[in-house]
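Labels run A, B, C, D, E and F following the written order; every chain starts at residue 1.
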Amino acid sequence: MALFDLAPADLETYLPDIDEPDDFDAFWAKTLEEARSVDVGLELEPVETGLELVESYDVTFRGFGGHPVKGWLTRPAVRPGPLPAVVQYLGYGGGRGRPVEHLAWATAGYVHLLMDTRGQGSRWGTGGDTPDPVGSAPSVPGFLTRGILDPAEHYYRRVFTDGVRAVDAVRTVEGVDPQDVTVCGASQGGGITLAVAGLVPGLRAAMPDVPFLCHYRRATEITDAMPYAEITQYLAVHRGRAEDAFRTLSYLDGVSFARRADAPTLFSVALMDTTCPPSTVYAAFNNYGARAGDVVKDIEVYRYNQHEGGQAAQLTRQIAWLADIR
Amino acid sequence: MALFDLAPADLETYLPDIDEPDDFDAFWAKTLEEARSVDVGLELEPVETGLELVESYDVTFRGFGGHPVKGWLTRPAVRPGPLPAVVQYLGYGGGRGRPVEHLAWATAGYVHLLMDTRGQGSRWGTGGDTPDPVGSAPSVPGFLTRGILDPAEHYYRRVFTDGVRAVDAVRTVEGVDPQDVTVCGASQGGGITLAVAGLVPGLRAAMPDVPFLCHYRRATEITDAMPYAEITQYLAVHRGRAEDAFRTLSYLDGVSFARRADAPTLFSVALMDTTCPPSTVYAAFNNYGARAGDVVKDIEVYRYNQHEGGQAAQLTRQIAWLADIR
Amino acid sequence: MALFDLAPADLETYLPDIDEPDDFDAFWAKTLEEARSVDVGLELEPVETGLELVESYDVTFRGFGGHPVKGWLTRPAVRPGPLPAVVQYLGYGGGRGRPVEHLAWATAGYVHLLMDTRGQGSRWGTGGDTPDPVGSAPSVPGFLTRGILDPAEHYYRRVFTDGVRAVDAVRTVEGVDPQDVTVCGASQGGGITLAVAGLVPGLRAAMPDVPFLCHYRRATEITDAMPYAEITQYLAVHRGRAEDAFRTLSYLDGVSFARRADAPTLFSVALMDTTCPPSTVYAAFNNYGARAGDVVKDIEVYRYNQHEGGQAAQLTRQIAWLADIR
Amino acid sequence: MALFDLAPADLETYLPDIDEPDDFDAFWAKTLEEARSVDVGLELEPVETGLELVESYDVTFRGFGGHPVKGWLTRPAVRPGPLPAVVQYLGYGGGRGRPVEHLAWATAGYVHLLMDTRGQGSRWGTGGDTPDPVGSAPSVPGFLTRGILDPAEHYYRRVFTDGVRAVDAVRTVEGVDPQDVTVCGASQGGGITLAVAGLVPGLRAAMPDVPFLCHYRRATEITDAMPYAEITQYLAVHRGRAEDAFRTLSYLDGVSFARRADAPTLFSVALMDTTCPPSTVYAAFNNYGARAGDVVKDIEVYRYNQHEGGQAAQLTRQIAWLADIR
Amino acid sequence: MALFDLAPADLETYLPDIDEPDDFDAFWAKTLEEARSVDVGLELEPVETGLELVESYDVTFRGFGGHPVKGWLTRPAVRPGPLPAVVQYLGYGGGRGRPVEHLAWATAGYVHLLMDTRGQGSRWGTGGDTPDPVGSAPSVPGFLTRGILDPAEHYYRRVFTDGVRAVDAVRTVEGVDPQDVTVCGASQGGGITLAVAGLVPGLRAAMPDVPFLCHYRRATEITDAMPYAEITQYLAVHRGRAEDAFRTLSYLDGVSFARRADAPTLFSVALMDTTCPPSTVYAAFNNYGARAGDVVKDIEVYRYNQHEGGQAAQLTRQIAWLADIR
Amino acid sequence: MALFDLAPADLETYLPDIDEPDDFDAFWAKTLEEARSVDVGLELEPVETGLELVESYDVTFRGFGGHPVKGWLTRPAVRPGPLPAVVQYLGYGGGRGRPVEHLAWATAGYVHLLMDTRGQGSRWGTGGDTPDPVGSAPSVPGFLTRGILDPAEHYYRRVFTDGVRAVDAVRTVEGVDPQDVTVCGASQGGGITLAVAGLVPGLRAAMPDVPFLCHYRRATEITDAMPYAEITQYLAVHRGRAEDAFRTLSYLDGVSFARRADAPTLFSVALMDTTCPPSTVYAAFNNYGARAGDVVKDIEVYRYNQHEGGQAAQLTRQIAWLADIR
């Protein structure tokens, strides 16, 4: 894949105008208030995995609408006092799978909560277990256009709220230091990471990799790749609804969440990534922490990679970076 | 596309064993009873189209769960006494679009009701307008695996019920002869046609073209094409759930509905159709009317066509065939 | 499909230099004079379709070289005095198909003549019936390079002449108001529409959708998509013949025809259309009516669509627009 | 490409029923009689190529309908008495190109006539120069369905006649031994080779490689690959015309020509060839010489090749085989 | 992917004839003898990973030809006496990557040695570090045809020897129970697993997943997918060398190794796997342990999966199965 | 393929900065000195081809490391005193094939030496016969990244040296005028041509067509096409090694060789060539002869061609151009 987006030097200074509705903060304050009116109700059921060095738990907590959200919690089998926690969000279409797939953070000494994504988990991997009980108006197969004509109905309003509640939940786990919670994820997981970082103050860190769900309008103009192209496909059929759709998405833009984040951050970006084009990632990175000011920011650039980004190289980097930052 | 399914001669006698649950009839009787406990509540709002020879109406009626279902009703502008009606169902992913797209049946002298498909209508064409307010467990993007682990939760339970209610609704239209209602549709619309033909006695005729939603297990073994491949994709991820899934689908199989149908029928099938393989279509055709016995049955074979089937050639054939049969 | 052509704002003012031969008008005057030296010889044979609200006729008239050209004529079954007419041209590769496919304009109260395209009609749909008795020098499969080294031999010289003769023919139909003839078509049909609008004065209106056959040289530089890529493929093999080929095409360019048109017009363009790139469409639109001046011009922009453009949304728009303009 | 046709052992004995019209011989006798009523009119114009060891001539002769057909004639620069000749036919879509591309047979001591294919030569290579002045009814882009509803109008009736006339022409070249003329070609060229071998008695040899234009009906049932798929595409659109089309093709089938051939032959076949499936080639080979009986027959089998077949390995084999046979 | 190989029931009893050279055992005895004439020279260099629960080491040992082979060794940080070991081999094209990618077996209480594959590791993932210092005759890009005309020169002779030496090496690790070594791997790693299981007696278990490198001749006849298609591509170019190539491969066939294996085994197979077709996997499974007799054999069947097979579901199964078997 | 690189006018003046290491000349001087320390050892074995006008020889000479390199030598059968010679290099993945494929230059009166490319010849055509006995560190399937981290180990160091030795070898052929040796080749063969032209003074001419192996860094930024994309793929996996890789490639860049060339040259370039983008070709052409100054330079531009470039049209041009220049 050749370079197809802005030149690398221009990416570093890219600060586009993003539509942000006046009631963005009010919208989210109300959303979270409603969600938190239900107890997070964390349930942890031990799972037998044969993995002697760690303990694994089947997790259920209450997310948006009080709906049950699943996950896996994995922690060192030997517990030496309050531990830091890492909450991780998943990429598009996958589910929480099996505990054996997610061992790095617990092995590194963290309590690790992997959040399942509602309604997802049937496209690849070993499956998801969290229903999304809410239906929608006609939408393109996938999730990005479910409820696209109304921010209150949009799918990601529910998912981002689930993401916030996952942090709320992990803070109630025995032996977790609630002041030492980090959020991370790649692609869709990176988009949720940004949303949670913008909605939850006082996180230890946020580590979004090649984040999706940023700067939607540019994405539709620069790439044909799914899943951003779901928006294009929707608008191709529902002619004349573009402004309604982009208004809804303006409540869900990673760039706006990034502006509000205050935790130290390590991003990654891949310059040949047509799925989450680098300019959409830099739009979030360059805006990250703008409101708080003086936030520790770092970005790892994978010059020759497509959407796979840094993979284990980035994970290795994150483990070291997070150890340093703490 | 070369021939890839059974030889033409073998198709004509293909009568495979289909799993059919003992409580199939009970399941559907209960489903329809519940749906009919809500008044069908047909609303017709005149639409200005500039099409002088016909009248067009924006339709709303109550389908499964009492949910509002949309459609278009088109009829000759000059009304000469009780008219026959044709209810048509749509292909996968499309919506009711605009009245100007659906003029043939009204021009041929019928009252034509085109039913929108809930949740669909954003993939191609000019759009759908009917939400599906019901969510689901994790599913492959699309509709075929929504609720696939429980027949009560499956998407097509709702859609087939909507289809039955569309017939109920059209029978209440002023100037329609309720004894003279025909159902038709292509692909997904053909699958719904079969379901309605199996659930509603006393129809004038049923005309399914290249029907989808038949003989699911064989479909997954003979074709990689979407949308049947949604099932395969689901089972590839949710390893070990195949029997649960096929049990659910056994309540929704066009072959079982075909057995129960009693109206005269004109099918079409395309022998190079990898989307709805000919053996799955013949499985329904060869079983059609088995319970009633002595049913008028005809099938138009398009030897060199893929899923497009007969297109306007078949529509021309249908108009003549239906005039003959009436 | 991402945006790939000029920015939307630049499209609106795009007025490129187009090569136009000095003898363009003479070439066409002579061509039409020769064609009109044969009587248009319209034959109308009634067709039984079962479509009660309209009458359908199998059409034959004399086109270029006096060759028989086929079509369908459809009109309201009840005839209230002189009616307006719409002549429609087809997209690339398709044929006139069946009468039942083309009901909108007659239903809207017009006499509708659908012209078959000579030699075409075997790629999609339900078939064409008009031979092109003229052979050609070696050409790329398709029609765009047949006769590309000599304007007198080029395929579209014949087709555009047929298009003019279709208007001549419809004006001879009993009950048609010859002052009230509109031409329309999409893609190739839009290109023919432009040619006819530039060659026939006094039309009621011209409605080209996503027109093909405009601004050939740019098309070969901005898109790889067929059918414009037939030119590129030809020039790749016939190295050194580019200037000869583009000279021939300069007699057949929709931009030059648009300059000469004098009828009110409603265009449509799709900004993600790689088949007929938006800059080639705007080159025609921005030049439309330049000679006559003061022509009513409108263009419907489909921002997120590919070559399908507006589909039924545009047809709905056309019916209303044409009613207004008349 | 995996094996997809009959098992190798079954290919060797494959003798399918082929429809052959009763008037096959009469049809061709009349066709050739008409063609030969015009003098072959061979013109040879020397070409300056810088190729010192050979002489090259730009060839024109009269083919079907007296139409001029082009070619290149290449012969050793030093002429030692009467020479044998090789007439070669081209693959689908290509043209005669440049003399420098076709040096092997002249270098091997033969007078080599390469025949251009009318209307072709714009798809690949360096171009063709022979028009086909005859038009056709609607057809799929390409040549296989031009005139497919009438054997008298079919494109290959003209091409096969050209092929016969090329042999007639080369026999008039000074210094050529008219009793020592061999025909050859690959793919379409192999199909023409078979036709000429079946129509011209007394050839020295026929060497068809991976021949096209054999056993049409089976080809449409076993492969999706172009160009045989042009037939399928035609029949998909022109529903109901299959028997008319196959009747026309029965006058043009390499299997029928093969039955009538009497010259020694060396075929080649590739078992992974989806373009010209091996069973269609073996149908011709196994029937070759059936009428004459006792004909020298050999076939080179390329077990792991697709349509490229033996390439230079086969050419090397042919040079040796032909030297042996002579 | 539809089912494309033998029917499931036939797979279970599939026992094809496999060419096995008389000197198979002698060839491998000599090969291993030569390799073991060099000391295995295991070097373990601690690596800082931040993964507190485990220790990671950068591994080097001497493989075929005494060439250095790399790997990662990962073990529980707290060591409770002699531990069982798992040696794992990689899939085609990948490299050992980073320690953080391979934590499951150490977390489950095993000493885990991951062997890098010589010359590979640049196609996907995070890289390999082991050169293959041996060149080859012309070969298709990839590894399967390197040295294909001579078993002594073939690439997999070197790799399989490396695999055996990896077991030799891990048995020398302090704290490892040399009687309790298991080998495993997926795809190419499964093929190496079979080879090692056939060459090293006394292993605790062998767990090949969707193994590659089995029943080569059938593979070339049933699938077009890489990498088996490298063989086909080679034979398409090097016409006439098929028997030489298959003779070489007969020294390297997983079926022959399987016959000689004596350790308990858990296979996995995916029935929609076109990369490693199920019949080639069953050919190895059905022959597994034939010489030793009475070997514990199990196979996990993934009915709807392609080459990804069971993924984490299979890993979870392996951990439990291996705990049971030990 | 649309135009995708610089505008034609900008290509003509494109003179980018190319990294060139200070020790470029020393590196190559040492490399050639080592290679020439072994006698070139030309062996010519007559081959029976049946091609009467020429003589063909199976060639072996000593290339890099003294390794045997194969080729074909073809010359006029009648030898009239000292002849000029043409040394030709092959495209990527192909081998020397058969003598019958390469007759043009001998037919034109030259002694023609076709050099096989070590390790290649199994991807297309009729095969190569030259091993590359040197292995490599992990690399992407193909040849471009073999040894990419060390110029001394890179594959093309060996191939370019072979190319120089081929000239050395042909100069020892009896009846060849050693002052009249021309080098040529297309694609990879064009890249080798440039390298040899930069390393061997006193050639009669150099004729690179659409040369590969130029301006590597830009190539990775402007095209996704193989084989340049092998570099991208390598760097995507081996994150962080880009500068090492490009340093190695800077010893192997056709642009640097072009600067040092002193022979008259005829290039060709294709403006729609995504395999060897035109800017990379012009970078070499515009720098060609820069050191020597005043060198005859010509370039043939194929405006509408992809990587096939001019084919026989260019060969025809070369024969005439070379005759003129001599």
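As a working rule, a residue touches a chain if its C-beta (ideal position, glycine included) is under 8 Å from a C-beta of that chain, and two chains touch if they have at least 3 such contacts.
Computed from a predicted structure; not experimentally measured.
Participant: Using the touch definition from the top, list the chains contacting both subunit D and subunit E.
Facilitator: B, F
Participant: As a test of understanding: of all chains, whose mean C-alpha position lies farthest from that of subunit C?
Facilitator: Result for max centroid distance from subunit C is chain E.
Participant: Counting shared numbers against all numbers at the contact of subunit B and subunit E, is it over half, same, or under half, different?
Facilitator: Under half of the interface numbering overlaps between copies: different.
Participant: For the chain pairs B-D and E-F, which is connected through the larger number of C-beta pairs in contact?
Facilitator: Taking the two pairs in turn, the one with more contacts turns out to be E-F.
Participant: Look at all chain centres (mean of CA atoms) and spot the one farthest from the centre of subunit A.
Facilitator: Centroid comparison gives D as the farthest chain from subunit A.
Participant: Compute the distance, rounded to whole Å, between the mean C-alpha positions of subunit A and subunit E.
Facilitator: 37
Participant: How big is the gap, in whole Å, between where the Cα atoms of subunit C centre and where those of subunit F centre?
Facilitator: Each chain's C-alpha centroid was found; their separation is 50 Å.
Participant: Going by the contact rule already set, what residues in subunit F reach two or more other chains?
Facilitator: Residue numbers touching two or more other chains: 125-126, 239, 313.
Participant: On the basis of the stated criterion, which chains touch which? Give every pair.
Facilitator: Result of the pairwise touch check is A-B, A-C, A-E, A-F, B-C, B-D, B-E, C-D, C-F, D-E, D-F, E-F.
Participant: In the complex formed with subunit E, which residues of subunit F make contact?
Facilitator: Subunit F residues touching subunit E: 93, 95, 119-143, 145, 233-234, 237-239.
Participant: Would you mind writing out the residues of subunit F in touch with subunit C in their complex?
Facilitator: Residue list for subunit F touching subunit C: 1-3, 272, 302-306, 308, 310, 313.
Participant: If we count contacts the way the header does, which residues on subunit D are in touch with subunit F in the complex?
Facilitator: Touching subunit F from subunit D are residues 49-54, 76, 97-98, 100-101, 103-104, 106-109, 125-126, 311-313, 315-316, 319-320, 323.
Participant: In their shared complex, at which residues does subunit C touch subunit F?
Facilitator: 220-224, 232, 235-236, 239-240, 242
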